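Take a look at the structures below.
What follows is a pair of complexes built around chain A, which joins chain B in one and chain C in the other.
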Partner chain A sequence: MMDFEIINSYIPRFLEAFRLTITIGWLGIALAFVVGIVVAFVQHFHVPVLTAIAKVYIELFRNTPLLVQLFFIYFGLPKIGFQISAEVCGVVGLGLLGGSYMAESIRSGLEAIPPSQTESAVSLGMTKPQLFWNVILPQAFTISLPAIMANVIFLLKETSVFSAISLMDLMFTAKDLIGLYYNTTECLFMLVVSYTIMLLPVSLVGRLAEKKVRYRMFGD
Partner chain B sequence: MGFEVLLKGQNMARLIEGLGVALRISAISVSVSIFLGIVLGVVMTSKNPVVRFVSAVYLEIVRIMPQMVLLFLVFFGATKALGLRIEAEFASILVFSFWGTAEMADLVRGAVKSIPVIQYESSEALGLSRLQTYVYVILPQVVRRLIPLSINLITRMIKTTSLVMMIGIVEVLKVGQQIIEANRKSSPNAAFAVFATIFVLYFFACWPFSCLSKYLEKKWEN
Partner chain C sequence: MDEILKIEQLKKSFDDLSVLDGIDLSVKKGEVVVIVGPSGCGKSTFLRCLNGLEDIQEGRVSLESEVINPVSKSTVNARKKIGMVFQSYDLFPHKTILQNITLAPMKVHKRKKAEAEGEALQLLERVGLVSKKDNYPRQLSGGQKQRVAIVRALMMHPEVLLFDEVTAALDPEMVREVLEVILSLAKEGRTMLIVTHEMAFAKAVADRIIFMDGGKIIEQGTPDDIFEHPKTERLQSFLKTFTYDR
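What follows is the complex of A and B.
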């Protein structure tokens, strides 16, 4: 069975890996959020040219795996002169993948606002920016929130492929330790515990948010 | 940029063959997932507290555990704990079906739950039997809601199977690495061409499904 002395001795290495995974994960999610907002706004306001680019970007990144994107960015792009570190690659890769998902979620929130809202705001004499910031955006954000939370969970889970670009994340550490000492059970246990600590709170908060939104929108 | 490497020998064919391995694993896993997911999804609509608790735990595990971790658990864990030597491909099918079944079951449950009570009540008022209600009223609506979502699950499955290279299955990424290694001297920039090609290959494997799913969802909206 499990040897807790071994687990104890592994804790520092897993803590370090945990810190790295979570740092890159949340930085990537922050980037994804920024990219998502920009792209969703571009689409919502039908900015010429940029709307077409946004569409291609979303389709490209939603229909390819993160692993393939990371390989392309990390191993492919340096060959044509774009060299970046593994850490930056992780953040950028997650940010680009996540951006395409966030953009779709935010855009569908914006689209879900009924025209009567816009019409009422206009008839009340609101200016366009007032209408957008005070009427559309708060409601759109509320509607998008469950989807955004689902994206956050999805992106945090996606961090598990970072070891492929030799980042010393949780997966890398587990694999490394298994290879060195063959304490498979203990390493896998630590892996599961680490990801549970990382994701369970987010999952619970996501569920709570979903309930609140449902309550506000449907009253049940 | 190294694109000449793809024209050499059988390289392009090998890449496509590698993608075929990933697609085969996805096809098997997604079939198992859809079948088991429908069964489980219907079971999960039950009010039995034990069923609800067990299915909630199962869904939560799948919701928070990365597929990569599940893959490691089965591939390395089962070997160690049970002394079984599991083929990597079998392990991946097992894991992706475990994941996909939960996703599918959740979709089924959501689709069944989304049918408002009034539909059942109206059917009863019209004198339809329980069986008739399900066959003529509920099921057609559930299926319309489910088909786009299941197609979406196919694209997610295809994307997820790219992970199998991490447990040593020779699929498209691994073949790509081999090609880059083999041509290190003659085309030092092959990495760009090869990974760009794999990117495009994956895109064309998933994109048609995404389009179909979006099209059906629009078409069947209400």
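What follows is the complex of A and C.
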């Protein structure tokens, strides 16, 4: 069945790939979060011109596969004079795809706050910024948190298409080793183990965070 | 007594629908004015115009010398002097009771936390809710939430308090605990405008009762005038809806 000596010998290469995958994955998620916040705020405050651009951006990136986006950035941009490394390409690709998802998650939280919250804050004499930072945003974040966590997990898994732009991530490493030595079972086993180690803690931390944050507003 | 709130020829419409049709009203300092009338007569909208939550098409609302409506830069400032309590409480669900009532004093009036909390605890004591200070709004009953909402408004030291059907969403046994608080505020000599369907309460608390219908003030006077000697036919038939004949 499975040869654990082979698995043992593969561990250094998988560790390498693991490091690369989580580095690019988390950098991409950080970028996605920043892009998502900016785009959601632009829409929430109906910033002229930018709101229209935000809508086009969201629909464009939400409705095309990450693989296609990566090809565009990696092979397309050099043709118009922008040379970027595969690593930067991975971060930017993940950040832009994730940004469109994050924007929608944050916007849904912002829209879920009833107007009466604004009215009661305003009638207490609060200014618009005071009301936004102290009343609207903390509640919106609480409501968005499960969706944001789902996005994080989804984005980490999406890193598996990075191999297509020759980034030596987990998927690339597994395929490479299978091609060289035909130890398919061992490689696929390592893949499953690696992704589980990468994602299980995220899931658990996410659950804890949700529990802690949501308790205030919703009880258990 | 000095006039504090002045409403002149107030007109408000939603698109083609006229809701308030030329209202004049002058409220004196320390006066308790209760507004009654059938559903949809515009009384809640009227109250919301008084602190600029609704914009108006014609007329003027002013607090002492400051214009509140039509809404302008001075509205934000004048609004700090008007407290409002809503039917649905509208506490901030992500904050504890103590945080709910100290947020605006700390942000708007820049008061120190310890000092604001000191006053908050005194007021909570007064409405019997000190023990709930670290609870979240979802853990309180409707009547308790509404008492907190009143305290939250009081913390801003308003010159005028507006109450918009504050007991309409409450169970009958909770209505009383909220109304007692409002009654005690009336005894302190606070200026208040109250929209309510509780006629017995209106009779007890009001210096003046306003009867509105179809976006107009139809009749006004002391509780005795309104309840015992209604002049207009519309008020008479409105009052009849509160009594039952076999």
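Just so it is clear, the second predicted complex is superposed on the first by the 204 of 220 C-alpha atoms of A that agree within 3 Å, B and C clash if a C-alpha of one lies under 4 Å from a C-alpha of the other, contacts with A are read in each partner's own complex, and residues count from 1 in each chain.
In this section, contacts are C-beta pairs under 8 Å (C-beta built on N, C-alpha and C of every residue); 3 or more make two chains touch, one makes a residue touch a chain.
This is a predicted model, so every value here is computed, not measured.
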Following superposition onto chain A, is the placement of chain B relative to chain C best described as a clash or a fit?
-> fit
Give one of first, second, both or neither to describe whether A:Gly76 is in contact with chain B, with chain C, with both, or with none.
-> first
Chain A-centred angle between chain C and chain B, computed on Cα centres after superposition, in steps of 10 ° | 100
First (chain B), second (chain C), both or neither: which does A:Arg216 touch?
-> second
Considering only the touch criterion stated at the top, classify A:Leu200 as touching first (chain B), second (chain C), both, or neither.
-> first
Which chain makes contact with more of the residues of chain A, chain B or else chain C?
-> B
Identify the partner contact of A:Asn8: answer first if only chain B is touched, second if only chain C is, both if each is, neither if none is.
-> neither
For A:Ser166, is the partner it touches chain B (first), chain C (second), both, or none of the two (neither)?
-> neither
What is the contact status of A:Ser85 with respect to chain B (first) and chain C (second): first, second, both, or neither?
-> neither
Smallest separation in Å between any Cα of chain B and any Cα of chain C in the superposed model?
-> 20
Set intersection of chain A contacts, chain C complex versus chain B complex | none
For the complex, which residues does chain B have touching chain A?
-> 1-2, 60, 63-69, 72-73, 76-77, 79-81, 155, 158-160, 162-163, 165-166, 173, 176, 180, 188-196, 198-199, 202-203, 206-207, 210
Please give the residue numbers of chain A that touch chain B in the complex, ascending.
-> 59-60, 62-69, 71-72, 75-80, 153, 157-161, 163-164, 171, 174-175, 178, 184-185, 188, 191-192, 195-196, 199-200, 203
Using the touch definition up top, name the residues of chain C that touch chain A in the complex.
-> 51, 53, 76, 79-80, 82-84, 86, 88, 90-95, 103-104, 107-108, 136, 138-139, 149, 152-153, 156
In the complex of these two chains, what residues of chain A are touching chain C?
-> 116-117, 119-127, 130, 134-135, 138-139, 142, 216-219
